[in-house]
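Heads up: the structure comes next, in structure tokens.
Each chain gets a letter, A, B, C and D, in the order it is written, and its residues are counted from 1.
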Amino acid sequence: MSHRGRLLVFFIGAGCVAAMFAVAFFRMPAFGGTMHLYRDLAVRAAVAHQTANVVSSVDFDQRGMDTFGEEAILLASVVGAAVLLRPSDEEAELRPKRPGRILPSTKLLGYALLPVTLLIGLDVVLHGQVTPGGGFQGGVVIATGLHLLYVAGSYPALDRVRPLAAFDIGEAVGGAAFGGLGIAGIVAATSFLANFLPRGSFGQLTSAGTVFVLNGAVGLEVGCGMVVLIAHFLRQDIIIAAKAEQAQ
Amino acid sequence: MTVYAYFVAAWLMLVGAYGIVRSRNLVHAVVSLAVCQSGTYVLLLAVGYQHGALAPVFGSTIKPSRHVVDPVVQAMTLTDIVVSATVTALLLALAVQVSKRQGTVDPDELTALKG
Amino acid sequence: MTVLLASALSLVAIVGTAVVATSQPERQAVTLSFYGLTLTVLFLALQAPDVALSQLGVGAAIVPLMVMLAIRSIEARHSQPGSRQESGDGEPGQPDEQSGGGQP
Amino acid sequence: MSAGAVPHYLPLIIVIPVIVGCVLVAVGSYLPRPLTDFLAIGTAAAVTGLAAVVLTTASHSGRVVTWTAGWRPAHRLSVGIPLIADPVSAGLALLAGALVTCALLYSWQYIQSVSGRFSALMLFFLAGMEGFALSGDLFDMFVFFELMGAAAYALTGMKIEDESAVQGGLIFGVMNSLGGYLSLAGIAILYSRYGQLGLPQLGAMLAHQRPDALVIVAFALIMTGFLVKAAMVPFHFWLADAHAVAPSPVCVLFSGVMVELGVYGVARVYWTVFSGAIPHHDVTRAFVVLGALTAGIAAAMCLLQRHLKRLLAYSTIAHVGLFVIGFATLSDNGTAGAALYVVGHAGLKAALFLLAGVLLSKYGNVDEHRLYGRATADRVEACLYLAAALGLSGLPPFGLALGKSVTEEAVAATGYAWGPVLFVAVSALTGGAVLRAGLRIYFALGPRPAPESGAGAGEETTGAEEKPDTKTLPRTPITMLAAIVVLVAGALATGLIPGVGQGFADAAQRLTDRAGYIAQALGHARPAPLRRHPAVSWTAEGIGLDMLSAALALGVAGLSLYAQCLPEVLHRIFRPARPVIVTLRRLHSGHIGDYVAWLFLGVAAFTALLGLPLL
């Protein structure tokens, strides 16, 4: 289709879809209203299982199946990106070029911030059941933190602390542990992902039963998975080049 | 205000789709898709919001009550964000390979699949 | 409260539109990162700290970083044929200031 | 395991492939290839076995229900996610498992797998399909929809050396994601009013409500994602692009079960959630129109192809159009017939894709014109191809023919007297196209086509540059042949085993029984006894129509083989159709912007078709 034809088709369609949205929105409960049926049930359920962070309770206890699917999506796309960004037959890995000049202050900041972000990430993972955050958020913080090394200008340094094979294993172990805990739920309490561990007391670090453990599994998986995901893009950018180019 | 948040969500979805339609670069199209998806985050969270209510995280200071915003939509949005990140990663990887194989990322110049 | 929400929503709508309207992908990584931050603010205003935290990590840092890296691998390829010298200024391995969430 | 314990083990169908996939990711690069292959095939076979147990239990007890994490419902509300296997969803779970097993058997040792990652992706894909089929929760269905998607995009683009493969993967990804997000918006809209996500809870709340605009819009938006997956016109563009480029064993899953899962999603969500609110005849009208349009356009496109896998892909789209018409009758017999049609089609189409893969591995391309007469020595493959192609055009006693005739009868009984005509025409056109390609490739019939002939030279994908899935093979490995034979035999068995029709009729009754689904999922209610129903089996009239479509397919194949030798008069008759054909081809442009524009127009048109008469 021509550029104009395409836009015409789109505007007719999108105009109607916009009208559909508008019609539906005016029949929805008004923004900020007090009627939230699922909320009422979820809060009661979270309190019953001693989980102070209701979002974590929904994520790992009440609707753990969603999170299991979500973790599988993450794994599938990490594996998928690895497959798609592998060096093709005509390509080979190039030795990384020497980094350019980096301001020493940037370098220092990068190195100094690394342990801080890692600690914050770990804290976010461990307290997921009592404060905002959890395995996913903490894992993301850790993965971002590691890449501060790259910002600090040292791809070799990043490569040293990031043996990809180990991270691949880490992400897989995290994913398998989530599934395994789910199956343990079947064995211990006849239903998948059942919260069968002692639940401790409300608001404590050791409360919420399996939520705590599942958070850890997800933290491991997400942290490792995100690192591997970015690693493949970095590798594509830095060290993969056509064989012909390498010969020069 | 009663429906403004919903309309912002719909706007983001439609504007993202418009971005894909008129895109001249696959990376731009993938980013537009991410904007389109962010409309669903806004819609979900807007649906679960309650005026004056607190975040659904209880603690020593906040006693369990029902006066919190809907935690379920937040859990759904979290999943949605993961989906967004992973789908974006896969599509970007594909875009990188398209550029290698076909020498361009302009949808108007891609000719491998026709008819 | 309502004013805060309304302005956060408006900001998100405007910045989201700006991301789509940015047709050069190199600049898009930056606007996308900024968009991630505005969404984070909106989520905080909507009393969703869990979501805001993920959005901060994913939407403002990781996704823009991937976008930036993808753009650089694509650009490196396009400037190659015939003019190998030209690719020198986009020296791989040297981070530039566009790395979305990387800058502290 | 005892029957009472089956519900507890239901989630294993989804979890086991994920865990083994994780194992393959972790240690796949350290294990020898045969071991990773064996692990993957074993897992897929185990899942298939589990699904068979669930299917048996479900057909005795109506439905197998489990609430994950033990959050059982109270007062018809729940915070948990149910997995609910009725015979239709358990059957689809079985079909997915069986096809993945065959696809992995075909891939044994040969498909290039980077340290077990191909197998791992296949297992994640399997988990996504099983989860989607078994889930009883709207948002959970979206999650597994996305899992299917994520694995599928990567599998589509796997052959990164192939320029069209990566583009096909990208188009597939963007279209499916966009559809998914519109679905999610619909889920959010519905949730805002009803505050639940489980299908049974929502079904109970929506029953006997007058549908207002919110319900209709939510329904239309939720359907969008499924319709994109099901490749209904005008959401279908991605399918031909993705199928044409994905490795053959992956095409087997796309055509055999993933696309059909889209149709299942439509049927499941309509029957359990919306059937009490949105009147039946409006839904029937909308989907019959959609299905007929899809079948017609795709059949025409099918006939125009010379890229063998693309040709098969358009034939899939045409058949899915017919399935949708069957389900859209909203009658027990239409549903039973369409379900049987799906299963019969899956085996045959899977076998054809694998045969195309064998051709690609041996001769290096899938262009019908270039392959002319190349495979005359492959006797076994030729027989299998001919059997599958004739089966696809409706030849009894394949299961597909039985499904087709039952569906035709039900469509006519619903008041669409032209239904059987459409079914026969579409089967003949698509079957004829498939036969034509086979007769050229394996039997060198007809004049040798010039490499650059055809109406749209330069405007089409020929398949000449398709990169092989494997190393070049001198002869067909026994594992590949075994997979193909199993598939064709399975397709034959569904038509021959007595009582199969009966089983499908019972399954259809469970699918269409909203009240029973809700009662059994939300309480401990016993399943309602099955109604007596007219027999779902071969009839003289049905066999006649089936034979007719097979004969017509042979005619179509002959006509297009010898088109050059026809008298000038006949050519003149077809000349006015040429601009239409060229336009149709140009619409399938491979341009992502075009496809997105059509998607939105499609949503608008579908909603108008469904909703305007209701307001």
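By our rule, a residue touches a chain if its C-beta (ideal position, glycine included) is under 8 Å from a C-beta of that chain, and two chains touch if they have at least 3 such contacts.
Because the structure is predicted, anything quoted here is derived from the model rather than measured.
**Q** Any chance you could name the chains that touch chain A and chain C both?
**A** B
**Q** I'd like to verify one number: the distance from the centre of chain B to the centre of chain C, where each centre is the average of its C-alpha atoms, in whole angstrom.
**A** 14
**Q** In whole angstrom, what separates the CA-based centres of chain B and chain D?
**A** Distance between chain centres, rounded to whole Å: 28 Å.
**Q** In whole angstrom, how far does the Cα centroid of chain C sit from the Cα centroid of chain D?
**A** 38
**Q** Could you put a whole-Å number on the gap between the CA centroids of chain A and chain D?
**A** The computed centroid separation for chain A versus chain D comes out at 31 Å.
**Q** List, in ascending order, every residue of chain D touching at least 2 other chains.
**A** In chain D, 139, 143, 146, 150, 153-154, 157, 160-161, 166, 169, 185, 189, 191-192, 197, 589, 591, 593, 596-597, 600 touch at least two other chains.
**Q** Residues of chain C that contact two or more other chains, please.
**A** In chain C, the residues touching two or more other chains are 49-50, 54, 58, 62, 66, 70, 73.
**Q** Which residues belonging to chain A are in contact with no fewer than two other chains?
**A** Where chain A meets two or more other chains at a single residue, that happens at 6-7, 10, 14, 17, 21, 25, 28, 36, 38-39, 42, 53, 55, 58, 63, 66, 69-70, 73, 76-77, 80-81, 84, 88, 132, 136, 229, 233, 236.
**Q** Let me know each pair of chains that touch one another.
**A** Pairwise, the chains that meet the contact rule are A-B, A-C, A-D, B-C, B-D.
**Q** List the residues on chain C that touch chain A in their complex, please.
**A** 49-50, 52-54, 57-58, 61-62, 65-66, 69-70, 72-73, 76, 80, 84, 91-95, 99, 101-104
**Q** Any idea which chain A residues touch chain C in the complex?
**A** Its residues touching chain C are 53, 55-56, 96-100, 102, 109-110, 113, 124, 132-134, 136-137, 140-141, 143-144, 147-148, 150-151, 153, 155, 226, 229-230, 233-234, 236-238, 245, 248.
**Q** Considering the complex alone, what residue numbers of chain B touch chain C?
**A** Listed in rising order, the residues of chain B that touch chain C are 1, 4-5, 8, 11-12, 15-16, 18-19, 24-25, 27-28, 30-32, 34-35, 38, 41-42, 45-46, 49, 51-57, 68-69, 74, 77-78, 81-82, 84-85, 88-89, 92-93, 95-96, 99-100, 103-105.
**Q** So in the complex, which bits of chain C are touching chain B?
**A** Where chain C meets chain B, its residues are 1-2, 5-6, 9-10, 12-13, 16-17, 19-23, 25, 28, 32, 35, 39, 42-43, 46-51, 54-55, 58-59, 62-63, 66-67, 70-71, 73-74, 77-78.
**Q** For chain B, which residues are in contact with chain A within the complex?
**A** 1-7, 10, 14, 17-18, 21-22, 46-51, 55-60, 64-66, 68-72, 74-76, 78-79, 82-83, 86-87, 89-90, 92-94, 96-97, 100
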